[in-house]
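When the chains are written out, they are named A, B, C, D, E and F in that same order, and each has its own residue count from 1.
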Amino acid sequence: MSTNQVLLTRRAEFSASHYYYVEGWTPEENRRVFGKCANKQGHGHNYMLEVTVTGKVDQMTGFVVDLKALKEILENEVVSVYDHRHLNLEVPEFKTMMPTTENIAVAIWKRLEGKISGATLQRVRVYEMQDLFADYYGEL
Amino acid sequence: MSTNQVLLTRRAEFSASHYYYVEGWTPEENRRVFGKCANKQGHGHNYMLEVTVTGKVDQMTGFVVDLKALKEILENEVVSVYDHRHLNLEVPEFKTMMPTTENIAVAIWKRLEGKISGATLQRVRVYEMQDLFADYYGEL
Amino acid sequence: MSTNQVLLTRRAEFSASHYYYVEGWTPEENRRVFGKCANKQGHGHNYMLEVTVTGKVDQMTGFVVDLKALKEILENEVVSVYDHRHLNLEVPEFKTMMPTTENIAVAIWKRLEGKISGATLQRVRVYEMQDLFADYYGEL
Amino acid sequence: MSTNQVLLTRRAEFSASHYYYVEGWTPEENRRVFGKCANKQGHGHNYMLEVTVTGKVDQMTGFVVDLKALKEILENEVVSVYDHRHLNLEVPEFKTMMPTTENIAVAIWKRLEGKISGATLQRVRVYEMQDLFADYYGEL
Amino acid sequence: MSTNQVLLTRRAEFSASHYYYVEGWTPEENRRVFGKCANKQGHGHNYMLEVTVTGKVDQMTGFVVDLKALKEILENEVVSVYDHRHLNLEVPEFKTMMPTTENIAVAIWKRLEGKISGATLQRVRVYEMQDLFADYYGEL
Amino acid sequence: MSTNQVLLTRRAEFSASHYYYVEGWTPEENRRVFGKCANKQGHGHNYMLEVTVTGKVDQMTGFVVDLKALKEILENEVVSVYDHRHLNLEVPEFKTMMPTTENIAVAIWKRLEGKISGATLQRVRVYEMQDLFADYYGEL
């Protein structure tokens, strides 16, 4: 059964602040496009991250990927950088890019790509809240 | 990062009544095929809808789609028509089509198709309850 | 450890239709008080029920109450009567009493009271949806 | 059945930023007591609020409280003030009081007390996340 | 509307024990690779299973698949065999294959393949817990 | 505001195996009383624990209890002893007492009582699964 391709997904969480604001626009334009999110004092969310990898199931261990290693990568590459942080002010990639759910999914993909040995990153899903989430599958 | 294709999903809810009954069948046949759902007094559910769109992330705003516009479309095209309604008796498309989870997903797709400017409808998922849901990706 | 008083709660679910309408009122009054719930075609919910009993833990079995018996009572006294039914039209107690979340909790209490041998009914909680629920502790 | 005392609970949500920091302490002391929460750039959460009221069920309507009125009070007194805000910097009561889950529960109680006509405020529960919540029952 | 291809998903649950241990390895190697899961006394989970089938919506019934039949197949082929069992010791396929989430998904696929008349098995998802799940789409 | 009494609840999880079997009974009696749970190979659950403490809110920190200390106590006194264990075979208190949800709640109370400095243990809630949970408030 070693040749089966299986997808494995692991969740992680982080709590962070953000706001949406384009410096080149007037406050009114920002308010019109971003609504309450344009408040530069910031607001925050309990983000939920789902990382999916795909690979062949190892015949001996039954694993597609070493779960402890995967957990450690998520912790080191994402959670330790984003958790209890202000995304706009403290996370490098969001100094030049709006920390929307879409962009956070892309940014997490870039942080994880090539770091998970033995399996292929397939999807990054980010929930800003239960009612809103973004999926990124890499450049197609 | 403007060229990244990202999927964005937004949830909405509506509470509605329905029943399953084929007029050309005997009550016994209806009972055999539809079980308790054949009760023509109707019963109801808290339906949960997930609408997924796909598109390129706008370089300035970081959005695939204007979230306020998307929310408004879901409200106007679906929630205001289905919520607190009897699907069989009050929603036009279910006068000639059984309001199963499958058909509700198809019907919501038809209601939304072409209405979401700047992004492409990718999937409609409808949960009748946590244990049962249908996905429709449009005509393939 | 036989003398410990422990509370045990079990969940059950039922899907039903209802509407809110006072016959002695005008349609406008009903609409003003009950909003969309006044639509007499009805609408529905996936109700969730939590029944809590209290009692001493049996020294031999470790149970406060026989779980299979409790499940059977919930099935016979509540779920089989309410599930896939129109509460206003098909359930006797709601012919003279509005099927609000509050009244459903009280009605379920009356259906269960005295039926659970060896333990005491402590609370009935009914969720109409995740965002709205009622608790009844019996007449105090 | 008009004399039954029933508890009714309604949920609401708000997303906000906060940090924990005692100005009279050194950064090291703050870090030791508050850990990552001491980061003054702030971080945030999707807070979930459950407000419970108690009262007699109205014989005519079947309600303990007017749900539309209750929803409006939660919106006006809490959500519109806390949602998409930085609690420490933008909400008056948290300028002199740490915005911990405990204190937020107490503060929401004070905002709601005496505002819900016809029913009695019984409990305010605030979830900072699913794993952590505080309950306040008023001064006993 | 009979020609629409829709995916339908149904959930089921089972509670089971398992452990991870390669007999040819030393206890130290097992501990290093499998961590706490190497404890041969076993531990357990509330597994959640999601089975997705795809097919055309029947013009008359509105169904992709007979839901009662699907539920019965899940019960007979999976739940009755896995529920309240020790997977390593009591379920045949796990005597020669590690009962990891990945392998359980593959094993359930094999149990269901060809059994669901009128629809095509599309995906088997198994949650070991909310934070970890595996998807299998069959041999590609 | 230092004199407000607030309840704080924290969740923790553990995955464990168990079975229900009275040695002095015949296999048939065990099967009749405990059903599938009488299988001595064992089965398992993802248990969820909610521990509630009550106390006055500290005027300076805004806390009822030091959250890091509370988390550590739950980890040391409960999770490290129960997680990935077979309750009947590896946890001392369940060698002479059935590991039912009721008894697990009582046992966790005894493990935590007197260990949480500065606050009073108020309730231990244990979920065996979402549909079944037990509450213990100590000896009354």
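To be clear about the criterion, a residue touches a chain if its C-beta (ideal position, glycine included) is under 8 Å from a C-beta of that chain, and two chains touch if they have at least 3 such contacts.
Since we're looking at a predicted model, the values are computed, not measured.
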item: Chains touching both chain A and chain F; value: D, E
item: Farthest chain relative to chain A (centres taken as mean CA coordinates); value: C
item: Equivalent interface to C-D, taken from D-F, A-D or E-F so that over half of the residue contact pairs match; value: D-F
item: Chain A and chain C: spacing of chain centres that average the CA atoms, whole Å; value: 41
item: Intercentroid distance (Cα basis), chain B paired with chain A, Å; value: 28
item: Of all residues in chain A, the ones touching two or more other chains; value: none
item: Touching chain combinations (by label order); value: A-B, A-D, A-E, B-C, B-E, C-D, C-F, D-F, E-F
item: Of all residues in chain C, those that touch chain D in their complex; value: 20, 22, 33-35, 97-103, 105-106, 130-137, 139-140
item: Interfacial residue positions of chain E with respect to chain F in the complex; value: 13, 15-18, 36-37, 39, 41-46, 83-86, 89-90, 129
item: Residues of chain E defined as touching chain B within the complex; value: 1, 3-12, 52, 57, 60-64, 66-68
